[in-house]
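Quick one: structure below, then a few questions.
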Amino acid sequence: MGINNQEKALILAQALPYIKAYNGKVVVVKYGGNAMTDDRLKAAVMRDLILLRLVGIKIVLVHGGGPEISEMLKETGRESRFVGGLRYTDEDTLRIVQMVLAGKTNKDLVNLIQKEGGSALGLCGIDGGMLKARKVRITGEDPGFVGEVTAVDTKPILDTIDRGYIPVIATIGCGADGQVYNINADTAAARIAAELRAENLVSLTDVRGLLRDKEDEESLIPEVCVSEVPGLMREGIISGGMIPKVECCVEAVRRGVHRAFIIDGRIPHSLLIELMTDEGIGTMFVS
Amino acid sequence: MGINNQEKALILAQALPYIKAYNGKVVVVKYGGNAMTDDRLKAAVMRDLILLRLVGIKIVLVHGGGPEISEMLKETGRESRFVGGLRYTDEDTLRIVQMVLAGKTNKDLVNLIQKEGGSALGLCGIDGGMLKARKVRITGEDPGFVGEVTAVDTKPILDTIDRGYIPVIATIGCGADGQVYNINADTAAARIAAELRAENLVSLTDVRGLLRDKEDEESLIPEVCVSEVPGLMREGIISGGMIPKVECCVEAVRRGVHRAFIIDGRIPHSLLIELMTDEGIGTMFVS
Amino acid sequence: MGINNQEKALILAQALPYIKAYNGKVVVVKYGGNAMTDDRLKAAVMRDLILLRLVGIKIVLVHGGGPEISEMLKETGRESRFVGGLRYTDEDTLRIVQMVLAGKTNKDLVNLIQKEGGSALGLCGIDGGMLKARKVRITGEDPGFVGEVTAVDTKPILDTIDRGYIPVIATIGCGADGQVYNINADTAAARIAAELRAENLVSLTDVRGLLRDKEDEESLIPEVCVSEVPGLMREGIISGGMIPKVECCVEAVRRGVHRAFIIDGRIPHSLLIELMTDEGIGTMFVS
Amino acid sequence: MGINNQEKALILAQALPYIKAYNGKVVVVKYGGNAMTDDRLKAAVMRDLILLRLVGIKIVLVHGGGPEISEMLKETGRESRFVGGLRYTDEDTLRIVQMVLAGKTNKDLVNLIQKEGGSALGLCGIDGGMLKARKVRITGEDPGFVGEVTAVDTKPILDTIDRGYIPVIATIGCGADGQVYNINADTAAARIAAELRAENLVSLTDVRGLLRDKEDEESLIPEVCVSEVPGLMREGIISGGMIPKVECCVEAVRRGVHRAFIIDGRIPHSLLIELMTDEGIGTMFVS
Amino acid sequence: MGINNQEKALILAQALPYIKAYNGKVVVVKYGGNAMTDDRLKAAVMRDLILLRLVGIKIVLVHGGGPEISEMLKETGRESRFVGGLRYTDEDTLRIVQMVLAGKTNKDLVNLIQKEGGSALGLCGIDGGMLKARKVRITGEDPGFVGEVTAVDTKPILDTIDRGYIPVIATIGCGADGQVYNINADTAAARIAAELRAENLVSLTDVRGLLRDKEDEESLIPEVCVSEVPGLMREGIISGGMIPKVECCVEAVRRGVHRAFIIDGRIPHSLLIELMTDEGIGTMFVS
Amino acid sequence: MGINNQEKALILAQALPYIKAYNGKVVVVKYGGNAMTDDRLKAAVMRDLILLRLVGIKIVLVHGGGPEISEMLKETGRESRFVGGLRYTDEDTLRIVQMVLAGKTNKDLVNLIQKEGGSALGLCGIDGGMLKARKVRITGEDPGFVGEVTAVDTKPILDTIDRGYIPVIATIGCGADGQVYNINADTAAARIAAELRAENLVSLTDVRGLLRDKEDEESLIPEVCVSEVPGLMREGIISGGMIPKVECCVEAVRRGVHRAFIIDGRIPHSLLIELMTDEGIGTMFVS
């Protein structure tokens, strides 16, 4: 890229209104799954988070870890089974899920942030009783220890932010009886964002956003009002794996998060493009 | 136990000098291995920690997790191999170690504390760059990614205590390059206690303490001055698995921890007996 | 008492739920009169208060001092005279009352707390304008400078607690004109407890509590709802010296104190039994 | 006094340099004995203290109470006896001394300050373990429980100042064993001033200051360097009751108090004249 | 003035109720114009402000600077022109106004306060966006860049007070577009006082106050209820240059300032006479 | 500039190490003279300062104002005269200098920062007694009221930073007697930077930096060790107007400022280029 330092400085200068607008605000970033597979990309995302934190944004990182869980299950001779889109989670699977999410994916992200010069603490929903959960209520086959968030105690998150760390959160939750539950990371991120009265929820995925024509990346819908969502579902534009992601954005916005985004984590620095430039790189949901 | 409430109250009253003496002090508790296998005992230890915290002691819980690691290695078709007393840790083993310690043992302890009414955050040495480590230097066979602590950043521990939590620490460490190391929990606990200028280091084990005659639990040595340790080693009284435990106590005391204890975690409420009564239940190391 | 340290530790462990429940709460203890005569018992009560403070309860000690006042009056050649249950208090008596309560009983209690290892400040209602009072309005003979509380300024009490002391309060009050009044300690304690939004008011007396049959200590009524009090009065179960004590408990509970207790201060560690065990040792008043 | 408001305002304006110089400084005022007998004068002194506090001076009031003690002893059929200038204090006398000083004189002063619109807490050396004392060592007849200060814990004094009160201190002290001692108020004031690193110690007495000729008030010595004191003693200019007062001033100045004053408390507003005008009304001791 | 120090001290003592009443309150002093011409008087006013600040009053000084502006305009060959009582302010005049008010009058007052031993920061309405303004809306000839206050941001004023300074404020304001406006100092002072919920607004002028007969200074009206103002205007008692001054007092009182005063700044220490004695030296406006 | 948002985001990301390195550090920016004439450029510099502040740098802006002073002198019929490189400053000139610097240049910069979305307070050395000065000692002709800094009180600067503002400082100083002095802005900036223990002093000028050949901008010397300066002077490479600028950089570095820069304020965003990229745009002075 033949950009000289004068042009670079101009670009930094152009970030001023965005930095100013986000100063002191909470932004919850959901990261995970297929968007998280490339190591160089992952390091770049962590650097973006550190940068955003340094310029005054209170970043909260919520992650999933599907692929790593599947791999570990396979390694222990188990197969990944899904029931109505949810991972079937018997006691043994639950043990693996907790171990991988809270011990591997989580701490690896923390390690990466620390290595890139940031400061992070890795927590899961068990820590400080952060994510209270109960078994999901579902018709049909029982998916096992899959939970839904009943309450969020924001104290451990805020304590972590206040002391200067980026909280990195694995979405394991807990019932009052200590029963652990596997919680969908998108849903948890939406609830966390809502309870923190976050400015934004940004979902870093491996798709461009909501496409009018799934085959055509140029057909990206840049902005969706949550009231339009039912129509888009009926039209089939929101379908398949996009349904839960969109529902989380809708949920977050309904509960008071200012804006929710689905953006493409595979595009280098997509977070910075979305938050720090005039370009909307994915799909934005507003109330 | 036919003890009436009046006798109970008297006993509470007798704890006053101990509570007063420990008020506001840091006590590092090392817990792990075979002392940690019984579930009811584990819950009882957690309740003791919560109690000690409530009466004003700044409790830090450092844990190992050998048995759980071995089990998981077995489950994934690997065998536990030890080199000079250290677990041989190749890259794959390291991954399992991190997963089990930071994701399973650690969060299970946090879960237990929360369930019993306490408040805890589960951290490992990666979090906030707490445990800086490098490869152990050892003559003979290379044990792989086994580390020794080069520095302790007490900030994440103190932040956690300040905000009202019991920090629960898995002894995974990290080099400047992000390389993860498996660190012996006893050693790490000793270093953490020293850096926190802890009043006490208490090692909860599955032995009575230091025995003059290994076959006779009545031959317990209640107090050892660190200068006596070399002699006790020559006499063979400190031998086998006790050597590293004793060395950690010596190390802690040498670095300024007031007193270090090896006590029997299998005895119900041994922690309370040691800290809150006039009875020395195990072996105390002093300078 | 043949209780070994293991049993002792178990008993400490059993105090956890009580310590947890009272953590950070205010408990006002009314102490005085005949319950306060035995020196060893008095020292034991002070140690109990220090213990309760150390385990996180904000203790406020309110005391009377009838016997010491009577003795001093006698020493100066005066007789104690009572009008409708109130000490007849002319100007000379008032001077003696203030001197004994604020200078003797109060400072002796502070001295005892300090000697037993606690930290206390001795105040009376004059200090910081804490207890505003006016002459009691009574039909029949004028009891002189006997006052009733018109307002409580909690600032000096809270300042004292905040800085780490147990406030010890003599119930002398003051009109806006500086006129001093002798105030009944039970009534003052009830008002102080109410204004501090205390969790409990505990009245340490020289009776077991409310007895269904005054001759039979086994007939103790463990719990009374304040709405039952009028009935118990009509039945004569609440009578004589119990009437003002019960009225204070009712008043405190009506004004928002969670629970009020009349317990027997002559029983060693009755405070600990009541607050730290599952046994209700006296009579509890609830709304 | 035919002074119009314009002249009054001018006088207020002239106080500026003094108010500025004393802003935030500690001034210990010793008040007591014969200077404290007149009620109107006493009220005026309290108003002066309130004023000085409001304009930013951290006032500490230390008082004696000889006449009230003698009176109470007489009332209880005892006589005041002095041994080498010290009140002979047997156990019974000690009880009366404590009662009168801490319960009467002290709280009456607090009452007066509160009534005049100030805010005060009445403490004695027992409170918070403020004045540690031991038996005075004296050759000749044993004066009984007369103490000398071994240490001052300034925490209760500073806590009281910090929270906005004028601390009013009765000079009763305490041994480690809880034994109470009667301590000379001048000596205690000097030690307290020294430990608080006070700017000034002001002793309000019933004499004009140090007079070159005791019969002639015009022979007042306005300023004495502590090194001149031995000479003045040899000359007999410092003699009798002045000796202990002067010694306290010398002690205070030697221990770092900037200036010590002996002024005449019978002159209306002598405190304000000394501290807020260019006139030295009594004798000033400097190093 | 033959007043001895004892009388002086008495006068200081008599200030106690006033000092107490104003403790911690905000008083906005408007100073300027012809009241500000005499150098010795100006220094005396500054000393009065320092004194008031030291005795606990949060002083805010708002100033005009008409004569200095006129002089500078003359020096640059311009003439002062007034339109409906407002200085005609074209762009060039505005530049001079800003320069003189914010750079000369303002900093000279700060200099004087610092020199007299106080601590001050000189601000204008541009600093921290303190005075938001827009063009005055007026019928008839356009006065140019003359502004009226649309909002007051009290943060810079309170920050300055909190850190121990007297804020000195030049009444230059600013539109959202950065356009500077010349704002009448009386009006600005009234708005500032209202937004700070000041206890008093004191306007230091060069008249005695409101006179019933303009020729007779003895005809001073000491107190005016704001509801009487329209009547006084109809009667012609409020007329000419007094109209805007009175309107500001009315405005301030209407917006919640407790009392507003017009007093004669030419009388030495008139501020102290008004605030610290029982004499009302000018005219007081109350609601 | 055909740079897309992805490239822009990359550039932002590349600023991370610089933002991290400067986080919480003080940077003093000297701005003035000919570098400050272009309005668009001035606004851009202010935006850069706001940006740097938002990303965590404690910016202090020190300005001169030579051209505006000269213009105002001319407008009032005076001519600018220089004595040994210093503006000849008689009493009248001094009045104009203060007015222009503190009232015009200073407040215009504050206005610009506020308008661009930042928060600033405009101070001069008189405010809070910030710059203590005395007459420069010079051989030859007396330049009048030209001062040199004798002491810097950093309190007003730090108070302003702490409360969230960018302090904008006009380099007028003051003697103890209140005499105002005109102080060279470069010198003042160097002293201020030293007293604040600033990380950097950045002098924004209208030259490229130090040139080996004055005619050739390509001959820029990027880095100079302060020990090389005498040699460069002898060689004539540092000469004329560069001498005082270089001397200030040397002075700052000698007094502990980490690095001092002379950069070209005419280059858009030169500040950002210097602080936030890997390019050294001007000349850096190090110890």
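Order as written gives the chain letters A, B, C, D, E and F; numbering starts at 1 within each chain.
In this section, a contact is a pair of C-beta atoms (placed from the backbone, for glycine too) under 8 Å apart; a residue touches a chain by one contact, two chains touch by 3 or more.
All values reported here derive from a predicted model rather than from experimental measurement.
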Tell me, please, which chain's centre (mean of its C-alpha atoms) is farthest from the centre of subunit A?
-> D
When the C-alpha atoms of subunit B and subunit D are each averaged to a single point, how far apart are the two points in Å?
-> 57
Subunit A and subunit F have mean C-alpha positions lying a whole-number Å distance apart equal to 45
For the pair subunit A and subunit B, the C-alpha centroid-to-centroid distance in angstrom is 35
Overlap residues in subunit D, where contacts from two or more other chains coincide | none
Viewed as a graph of touching chains, is the assembly arranged as a line, ring, star, complete set, or other?
-> ring
Order around the closed ring of chains, commencing at subunit A, then subunit F = A, F, E, D, C, B
In the complex, the residues of subunit E that touch subunit D are 1, 3, 5-17, 19-20, 23, 44, 47-48, 50-51, 54-56, 117, 267-270, 272-273, 276-279, 281
What does subunit E use to touch subunit F in their complex?
-> 72, 75-76, 95, 98-104, 106-107, 110-112, 114-115, 119-124, 126-129, 156, 159, 163, 165, 172, 174, 177-178, 180
